[in-house]
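Below, each structure is written out as structure tokens.
One chain, subunit A, appears in both complexes that follow, with subunit B as partner in the first and subunit C in the second.
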Partner chain A sequence: MTTTTPDHKPAQPPSVEAALAEFSTCIDIEQRTFPKNAIQAVYLLHLVSQDQLYREIIRPFMNATDDETAHLLTQSVFSEVCSHCECVDAILNGKAALYQGNQAWIIDLARPIGRTIEQSETESVIAGPHDGFVENMMENLAVIRQRIRSSHLKTVELSVGEVTKTPVIVAYIEGIANPDLLQALIDRIKGIETDAVYEANMLVQMIDDNPNSVFPQFMTTERPDVICSKLTAGRIVCLVDGSPSVFSCPTSFFEFFTSPDDYYQRWQLGTALRLLRIIGFLITIGFTAFYVAVTTYHYEMIPHTMLLNLVESRSRVPFPPLFEALLMETTIELLREAGARLPTKIGQTIGIVGGIVIGQAAVQAGFTSNVLIIAVASSAIASFVIPSYIMSASIRLIRFGLIILAGILGNLGLIVGIGFIVIHLAGITNLGTSYLTPVAPMNKMDWLDSFIRGPFYLLRNRPSQTRTTNTVKTKMRK
Partner chain B sequence: MSEKISPFHIALLVYMIELDVTFFSLPRLIAENIGTNGWIGLIGLSLIAGLNIVLIQLVYRFAKGRTVYEIMERAIPKWIMYPVYVLLAVFWVMLGSFVAKKFVLIFQIISFQTAPSMFLYSLIAVMALYLLTKGIYNISKAVTIFFFFLIPVAFLAVYFIPEWEPIRFTTFLFREAAEGHSFRNWLEVYTIFTGYELVLLLFPYADRSKKIFKGVYIGHFLLTSMYLLLTAVCFGFYSLGQLQSLMYPVIDLLSYIELPFINRIENLILTLFLFANLVSLTMFLWAALTALKRLFPKPKKNALEIGLVVLSALIAIYPKITRDSEALLRAALYAETGLAFAVPILLLLLLAWQNRPKGGRSA
Partner chain C sequence: MRKGISLLIAIVLLTGCRDEKVIDRLGFISTIAYDLAGSEQGNNMLHISISIPKAQPFNERVLLSTYAKTSKEARFTFSRQNNRQIVNGQLRSVLFGKTLAEQGLWSRIDTLVRDPGIDSEVSVVVVSGDANALLKSKYPQYSESRYIDELIQTETKSRDIPNTNLHSFTRDYFDDGIDPTAPLLKKGDMGLEIDGIALFHEDRYVARIAPEDALLFSFLTGNFHTGDITVSSSGGDGIDTGDIMMGSLSSKRSITIRHLDALRDGNHLDVTIKLKIRGSLMEYIGPLKLQQSADQIKLESDLNKYVEKKTEAFIRRMQAVKADPIGIGLYARSSMRYKQWKAADWHDRFPHVKVHVKADVKIKDIGKLQQS
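Coming up: the complex of A and B.
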């Protein structure tokens, strides 16, 4: 968590020889000498914009006399640096270092590297803006600024990774975000001691309150509109260079079941969608496990009319329900993972092959029962209803534990498993705030924007979890 | 501990501590001990429990932020109090164990008859340990979620409307009690409310800026309402004779339900009640923990918690059949009811003595 590498002292004076030695055997380092004025420019060839390089350095310094050079270097784009270390950092960040004797200046010539803004593939919406974050942090910040035109949107720049020195920006709205939470987040990011951080989803795991929990504790998103809504709600966001994901905090468990779509539709539809997602969550986590429990221990729970079909279907299956369910769930996970890794066009083929092979052939071959196919497929579909991919993946993993418990102990196993999950969730905190807000601690106003999506005139207050003192968000009446 | 428990969570905590395994035999207890229209007696008993809560509220008011232990230790020497704490801790562990063990034995009536009961008990004990290690604030959070799992069960009452006959209530009041009326019989019904007295130990953890006793009353009222609903459904569904002869009328009541996609939901509901019994066990273990922490203020991490859970498992080995377990639990609940009244009265006396005006009167 420092911008200096341990092998050179911060006080070492700048010199072109030291810079070249630092970047020895780097094929992309370039040194350009201007003999007329003894200026030497050092930069990383592919990090700088060639146009700017020509405009700002080559053309002005090519034939400049000593006086002209001295005058040029007084321009505000050049800033004088006093240490070798600063020069090295600047070069690594796409700047050019200019040396003249024992003096050095730096100038920013960095060119944007990466893709242009396009739609997020992992978080698509039907209504609403379609732009997504990209890998360039400053561009992401610009996208946020474009939406929040307020000077109260403040930023704190940090850097993580001893080797990667990945720039990180913590953004918040002054006067809305809680300063204690902000400080806590900054302290945690500063406390990271690791070589490299490449992604926001990686960084959040290093600052979690409960690093051993399977549940994601920071909400990450690729959607600028989501991040802007978090900022105005009083949350703090963090951008990591090189990552199209931006995270916000403090986060609650129920936040992962909300989507920007909810706000772009009528509130009744938004509410129905949120309830649907909660039903989806319950189906994902418990439906297959319940099937296993019932078909292993509690056949009496199945109504007579359904029982005949189920027994007929199960009679051809040689495996116990637990094994059958694990087999099918693993196959579905394999299909999902294969689909995610392959290009979209081939991924579609996987779906068709999987659907036919698993849906038809497995039943005909007597590997599994029809009802289990329905249970497993419903669970899989329900898991994709959860907007956050990371939360959805966590829940799918937990499901395996519940299936095994249900296979061993029936309904009791299922309930014991759910009990353990609840106790675990109750113990999780995010920046010291409860992960189960607004259920525990209870805040009834927050319910209007968590389990349901209330009409805008009722969404008056900012979430209590943000611990903001500026609580009023909407003043309009019905 | 910086976080404080709000009245809402106290309400749910009180509700969940009071709700335990006695839920399944409640209508029989009322039919046997109170007789016809026993629900009216239930209201009366609930009011008595309410009076007990008033006593606890007075303690809270006069204690002015002091804990129960601090009040006692100021008046009684520690060498007397420490053995009392140990006895209290052991008693609370016993009570929690009997509640959980009885649940396991009832559970085995419908499922896992051949499985060793201690195996099932140890599952609950491990959950209780996990919960206990999270601290009281997180326990209250988990209890809130468990409450939301259990409360929808009340809506099943709708299913019995077509079969429900008010005539089964009869026009007689408190007649045909199996053994006539006696203090002991009414006390037996009263024990269903046991658990609210643990609020005494929650004083330091409650949010003093809010009216915490509003939460206690709401929790108790909610539970009374739930019990009244259950009693009303059972007394209108079964005859008094049936209620008196059915061991666990609630289980039979649930097995009557046939939904289009699921039957015999007592399998699921009874299992779901594991949460209510888990909360009771955990809270009695937590009470024991608070007592032991007076003796061992800085224990090794989780050492006391593990010790208490192991002790509870050892105690739970003793009741092997439902009848034994019921008798032991009943005896423990009687003692707890006695404590629930005696401790606040004792504390009020101590507080009156401690808060008496200092200095002599000038002539």
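Coming up: the complex of A and C.
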């Protein structure tokens, strides 16, 4: 099913009857008749603001004569429409349609629905702006405009979903963003044929180059300052109505390891944090797998001072290291998932139960070795260091594959697994640009702002991945 | 798709075909001791012991001992006795009895080097006496394998003994112009004791440097930056240094080769070993008044004479047993043509080489008092 609404002939004249027929059996449609001047207003009850409705329609038209009505309708807030189809669209968007005979006018009475701007829960920072995007797309655009006061910030409006008709805005900075990439993105969004899109994270999965990859290929964020930095870097951003996430493209794998606070702190600290995240990534992906490989195959690699302790705690465990590790990793994932679904207060209890009860008791009961608990816990903690929740979840999933490979083939399996991941990453493209930029293709200037966060006077160029013609962003000297 | 399925099937079916070594089912050999068996066991028989540390109780170990022709044969015997699979990837040190070392160690070390699971940094130790007995004894310190290992590590750091492991032994054995050395260990009253340095001719133990002289010997073998030395010579042999203890020693060695004949045929060599030794005086009990600079200079020249006399005596002994642990041969080799080098065995040339030592001892720091 791709469409539910019947096709309208563009020429169908507006009429109350047609409108009411369109919305038959919708309990929130309301029709109001003003007998004195034969005006009929049609609107969706909960989409319009009651205040405005009273002020703009009910009070003026209640006792207006024909002449007064004609005068009222010349006001700029009313715009005349001449097709039924336009009327229906307007009503769906929270406007009211006024009918008089064969003529129709519409007036915008939409009231803001949704929460006000508040801090993003998934991407909180300590230093830096605390506002986050909300579900209302226009408000999000306003937040962006407030930060980038330039008429070069252009937008293209699109709509996705045959049923939901979700508005989508593609925004870019003219003169910086590459027009070919922009066109490619617009074409892809236009090419989506589906019923419904509710979220930016859902939309990106319909337009990415490698739909079967486990890695997210578009950077989504809820932070306006991140999106503004992407825009000025020459990337193209896309806002989806009803979603607090905004995505930017083209995206590189290493963008998921950057956080806005890298720029708000001194560059040495920003660099240290980025390196820390990369270490965290390696720990998450490989530490437990390495434990399994070493305890199953490579006892030679264990430092001899640690060996006897490890043997002692392993000797009470009835399972081979592979099952032991999978068991504990699954437990940690259960805890994490349970904590995410529960309200904060109960979530804390889960943390205590998980941390103390399972951690301590599992070792004492001879369920796991205490070194494994350390490995599993540190790889779980390290996974949360990665700022993007979506990327961190992907990496946690890959870890299971590596653990199994390490359990079957030891360090060889671990290396084979990492090799597969690297090959896969190297094959991913995003709007035709390489996902592994700036490693492949190599670009040394980009390294200053990916693995490390160089001082601002060195960050002269925009990222090469954006294929911008306007490359210089900083001209300042030291 | 078919490829993927066959890969999956292979992975599932081949999981049994793996060389699994789960750590809690292994017995790790930490020390091996080799001795020649007595005559009642027959010739060519070895007495081999292994020590496997146990996790609980702490410092306990399993000690297995057998008589066998080769070490691999002994492994089979041990496997039959032990409940866990015996592996040698965590081997720390190998002990050889003195009588076995006198017969030659290469065939034993070859077996160890051949095994890829054995680290090349495993210490090679010669025991003055019976290696098996040393391993079997209980010590109040750590478990014996850890005790041996740590003793050798710390003594190597203070330059009392050379750092001999499987790699360096093999390298020095095969390299022309140098012979291996190894630390000597013996069982003392309180525990283990370093008993000096074993010198080898090829792979045969031929001479011993006493532990008191070990640091003087290590002046000859290379450069180092830390070490302490005690000198005690009270005029008996013409040098009266008194009792001296020097600390923070650093030493630099340089070897120059001079051909005495014009043909440079390699048979008439004159070797000068220069030792540049710097240290601070920690203790002095003797006749000199060290706050006076003249006496300081005299002490330095006395020390020079002492070092020269002692080290030259070592070299005479090495020449007598045809062992060259210093590697003078390496310098000689690079000073002549390959054909001339190959013309004779270095071990036959070495006793006829004239070796001189020139010491240059400087005391950096003499104390707080100075008289002008």
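Methods note: the second predicted complex is superposed on the first by the 468 of 478 C-alpha atoms of A that agree within 3 Å, B and C clash if a C-alpha of one lies under 4 Å from a C-alpha of the other, contacts with A are read in each partner's own complex, and residues count from 1 in each chain.
Keep this in mind: contacts are C-beta pairs under 8 Å (C-beta built on N, C-alpha and C of every residue); 3 or more make two chains touch, one makes a residue touch a chain.
Note that the structure is a prediction, hence the values are computed from the model and not measured.
Colleague: Just subunit B (first), just subunit C (second), both, or neither: which does A:Asp195 touch?
Modeller: After superposing on A, A:Asp195 lies clear of both subunit B and subunit C.
Colleague: For A:Ile408, using the defined touch cut-off, is the partner it touches subunit B, subunit C, both, or neither? Pick first, second, both or neither.
Modeller: second
Colleague: Scan A:Val439 for contacts with subunit B and subunit C and give back first, second, both or neither.
Modeller: After superposition on chain A, A:Val439 lies in contact with subunit B alone.
Colleague: Look at A:Phe420 in the shared chain and tell me whether it touches subunit B only, subunit C only, both, or neither; answer first, second, both or neither.
Modeller: After superposition on chain A, A:Phe420 lies in contact with subunit B alone.
Colleague: One more residue to check, A:Ile302. First (subunit B), second (subunit C), both or neither?
Modeller: A:Ile302: touches subunit B and subunit C.
Colleague: With both complexes superposed on chain A, which partner does A:Asp67 reach: first (subunit B), second (subunit C), both or neither?
Modeller: neither
Colleague: First (subunit B), second (subunit C), both or neither: which does A:Val317 touch?
Modeller: Second partner only, subunit C.
Colleague: With both structures fitted on chain A, tell me whether subunit B or subunit C touches more of subunit A's residues.
Modeller: Of subunit B and subunit C, the partner in contact with more residues of subunit A is B.
Colleague: I'd like to check the shared interface: which positions of subunit A are touched by both subunit B and subunit C across the two complexes?
Modeller: 297-298, 300, 302, 304, 409
Colleague: Can you tell me which positions in subunit A touch subunit B when the two form their complex?
Modeller: 297-298, 300-304, 306, 409-412, 414-416, 418-420, 422-427, 434, 436, 439-442
Colleague: What residues on subunit C touch subunit A, complex-wise?
Modeller: 11, 15, 18-24, 26, 28, 30, 53-56, 87, 89-90, 92, 117, 119
Colleague: Spell out the residues on subunit B that touch subunit A in their complex, using ranges where they run on.
Modeller: Against subunit A, the touching part of subunit B is residues 3, 6, 8-9, 107, 111-112, 120, 123, 127, 130-131, 134, 138-142, 144-146, 148-149, 258-265, 267-268, 271-272, 274-275, 278.
Colleague: Which stretch or stretches of subunit A touch subunit C in the complex?
Modeller: Checking each residue of subunit A against subunit C gives 295-300, 302, 304, 307-312, 314-315, 317, 320-321, 408-409.
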